[in-house]
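In the part that follows, the structures are each spelled out as structure tokens.
Below, subunit A partners subunit B and then partners subunit C, in two separate complexes.
After this line comes the complex of A and B, so read on.
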């Protein structure tokens, strides 16, 4: 079969710059939306995976395996665990066992009304051993809150959630004022968007006598011994799981949200697809006579179809490449804040691949109606059109 | 894993001429014995029901550390009553209603006794373990052994290892009779 030269298809692209722009823009929109949806899913998955370590055991209330925020355990659990389990990681001769409270509380700027209606942000009550079990966290600025003081440390993304908040400013947490004395950084994890407060102060603030969980760095200890500990200490009413398993479950829990984002992106991009297909159809429909002429001088319908497909695909891939560039420039790392903390959109290989694939598919499929319109007419009819 | 890789390399490495005799071919040696994985002794499971069994709740009230007890129970107490890789599991007094006994309850893990009040669970649940000669739980899962499954009715005999007034009660089982296997 004799094919049309490749540059024939490329040169044809410039015949109608407005239509070309429309096709490229439509393809870019579709690719950008899909790339964004995949970046959202990938970012959420990687942030939750990075938050939980497989080398940590999480002990939380029996029946609250799905949500540490719902969990309530005795404050004696950490001490009992440290005393009972051999081989836990040690820091300065002490077992790395961190009792914590996790609560979603309304945090708002000082001086605004309706403080209790502010969107909830995850506030974590911590003790010093928290830094041993969460090595992803570091102090970026300021200092850590003092015990018993009305002080709080804020994740970089947590600060961004509260308008006007900055190091040294005061925010209202559940209606009570707290000074931000430190900024914590835990890039790539959900903790990047949390507020951290001393355990005793958070317990006082929320008037609770229980903790949410205990996180223990395993070191040389065997996780199964901790699981057995929870089975034997019926008085504590706890269960154990690896911290990574907890966050893996959380990732599963958020799967419908990721699916919703993807479906929404597909629905919105359908508009872009239809626009692109329509523009291509219009562009090719006006070239029915050209197609007839090419057939008359000896090119087969298949060769013309291939040329039109190349033309369409090149235009759409150009749009997809623009979308990928825009995604890498503007979306990658963009923080999405939610009640559990925050995560950054991840424009990685699979996300770029999804965007480019959308462009290629649009180019291949979008050309089909136009090709059918151009090449189904008999040559005499095409030449007269 | 690293040990395995190193062992594999060492085994695969030909013995150097300096260390091997040029005259006598090296005698074949038996491969080093693999460490025995712990297993639950088969004779622990008996075919005759131990006599004079007490319900869990009653036994908890009177037993002291070191006592020999015979207890009848149902396996369950939380979502995962068996500890993975440890011969430790939880059982409940048969008078407690597991979710499968409550009409209309479609709980996916009926052995977790989620409908029972916390105080009732504390008073009527306990832990059973199979231990080695040092008194440590065997490093093997008990689930599936001799018919041990969630909701199975068992009668067991053993020695009280731990008991306190907070509700903790651990028995080192020496005989287990599976009276009624769990429904499939």
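After this line comes the complex of A and C, so read on.
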């Protein structure tokens, strides 16, 4: 089969700049939305994966494996674990065992009222061993909160969640004022969007006598020993999991949200699909006679269909490339904050590929109605149109 | 082989009981009914008749753009109804050049590229394509307009580009559908001169549908269709002596 020259398709793109702009814009919208949805999913997955380390064991309340925020364990658990398990990582001669409280609490700016109606943010109660088990966390500014003080450290994205919050300012946590004395950074992890306060102060604030979990850095210890510890110490009513496994399960838990985002993106992009296909249809429909002429000259319908498909695909891929550029420029790293922390949208290879694929697919399939319109007419009718 | 059969085999175009029926709902339209016609190789034929007489339908059948409902159509020894759609496309590329009333040039291509278009269907090198394209443009005296786009050409120039496109692949049959219909007299005369030259100097078989008596007068063989049947035939040239209809209506 003899095809029309490639540049024939390219030059045809310039025939109607307005229609070309519509096709490109439609494709860009579809690609951008799908790229955004995939970037959302990828960002969430990567943040949760980076938050949990395979070298850490997480001991939490039996029955609360799905959510550490619902977990309650005895405050003696950390001490018992440190005493019973050999080979745990050591910091200054002490086993790296970090008792923690994880709670979603309302955090609001001071003096705005309706403090308890503020959106919940994850507040983590910590002790100094927390830095040994969470090496991703570092102090970006200020200092860490002191024991017993009304002080709090805020993750960089956590500060952004609360209007007017900054280093040195005071925020209301569950209605009580706390001064932000430090800014913590844990880029790429959910902890980047958390507030951290001393364990004793958070326990006092929430009138809580239990902890949420204990995080232990395994070092040379065997995870199975910790698993056995939780099985043997029935009085503690705990279970052990690798921290990475916990966040992997959390990733699964949020799968419906990712699906919802994807479905929403697809639904919204339907408008872009229809706009693009309609513009393409209109652009090709006005060239029915040309398609008839090319057939009269001797070009096969398949050759003309290929040329029209190239034209449509090039326009849509141009839109998809614009969307990819916009995604990299405006979406990559954009913080999404939710109750258990935050994550940045990840416009990585798979996200860009999804956007480009959407453009290519739109180009290939979007041309079909127009091609049918152009090429199903008998040639004499096409020449008269 | 009888004498009549031998004569029929010598015909370049032979229609036998050629019928075309269009159906629109319950209505049946028959623009061509049992047409018998033979046209010898190298004839220049004008096809006249009132609107709806079937002349454009006949031209479409001759071009292989449409299929007959009944009957046979042989062109240069090839029975067209036996060809598939793709085979017809290949046959058109090799055997027919079509000239349309409204030129039908591709607007995004230059005159040169429009003329070159049919050559892309042939196995020719770029150089061969260039030589043949330039030769065709020279034939229609438009070498100096080779790089012009259709919108930069007058109607007469566009039609001459269309003629160059029709002849560039050197097809034995040229079909022209009202080639002067959209042109002023001067441009029309130029186009008709060109067609006459192609007939005289290159021996092309030309079938031209026209409403214009002056255009028709340029063709040595004049056919008049009415209601899908051949009404009359007139031959103005001794070279057309071989032109006959099955009914034998040859006028001096």
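The working rule: the second predicted complex is superposed on the first by the 385 of 385 C-alpha atoms of A that agree within 3 Å, B and C clash if a C-alpha of one lies under 4 Å from a C-alpha of the other, contacts with A are read in each partner's own complex, and residues count from 1 in each chain.
Note that a contact is a pair of C-beta atoms (placed from the backbone, for glycine too) under 8 Å apart; a residue touches a chain by one contact, two chains touch by 3 or more.
Only a predicted model underlies this, so the values are computations on that prediction, with no experimental measurement involved.
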Room on subunit A for both subunit B and subunit C (clash or fit): fit
Touched partner set for A:239, first subunit B, second subunit C, both or neither: first
Touched partner set for A:325, first subunit B, second subunit C, both or neither: neither
Partner chain(s) touched by A:11 [first = subunit B, second = subunit C, both, neither]: second
Touched partner set for A:296, first subunit B, second subunit C, both or neither: second
Partner chain(s) touched by A:360 [first = subunit B, second = subunit C, both, neither]: neither
Contact breadth on subunit A, by residue count: subunit C or subunit B: C
Once both complexes are placed on the shared chain, angle at subunit A toward subunit B and subunit C, C-alpha, multiple of 10 degrees: 120
Touched partner set for A:379, first subunit B, second subunit C, both or neither: second
Nearest Cα pair across subunit B and subunit C, whole Å: 60
Where subunit A meets both subunit C and subunit B, residue numbers: none
Parts of subunit B lying in touch with subunit A, wherever the complex brings them together: 77-81, 83-86, 88-90, 112, 114, 118, 121-122, 125-127, 129, 137, 139, 162, 164, 166-170
Subunit C to subunit A touching residues, read off their complex: 56, 60, 63, 65-66, 85-86, 89-90, 92-94, 98, 100, 104, 106-109, 117-118, 120-121, 165
Complex interface listing, subunit A residues touching subunit C: 2, 4-5, 8, 11-12, 14-15, 289-290, 292-301, 378-380, 383
Touch list for subunit A against partner subunit B, complex: 62-63, 65, 222, 224-225, 227-228, 231-235, 237, 239
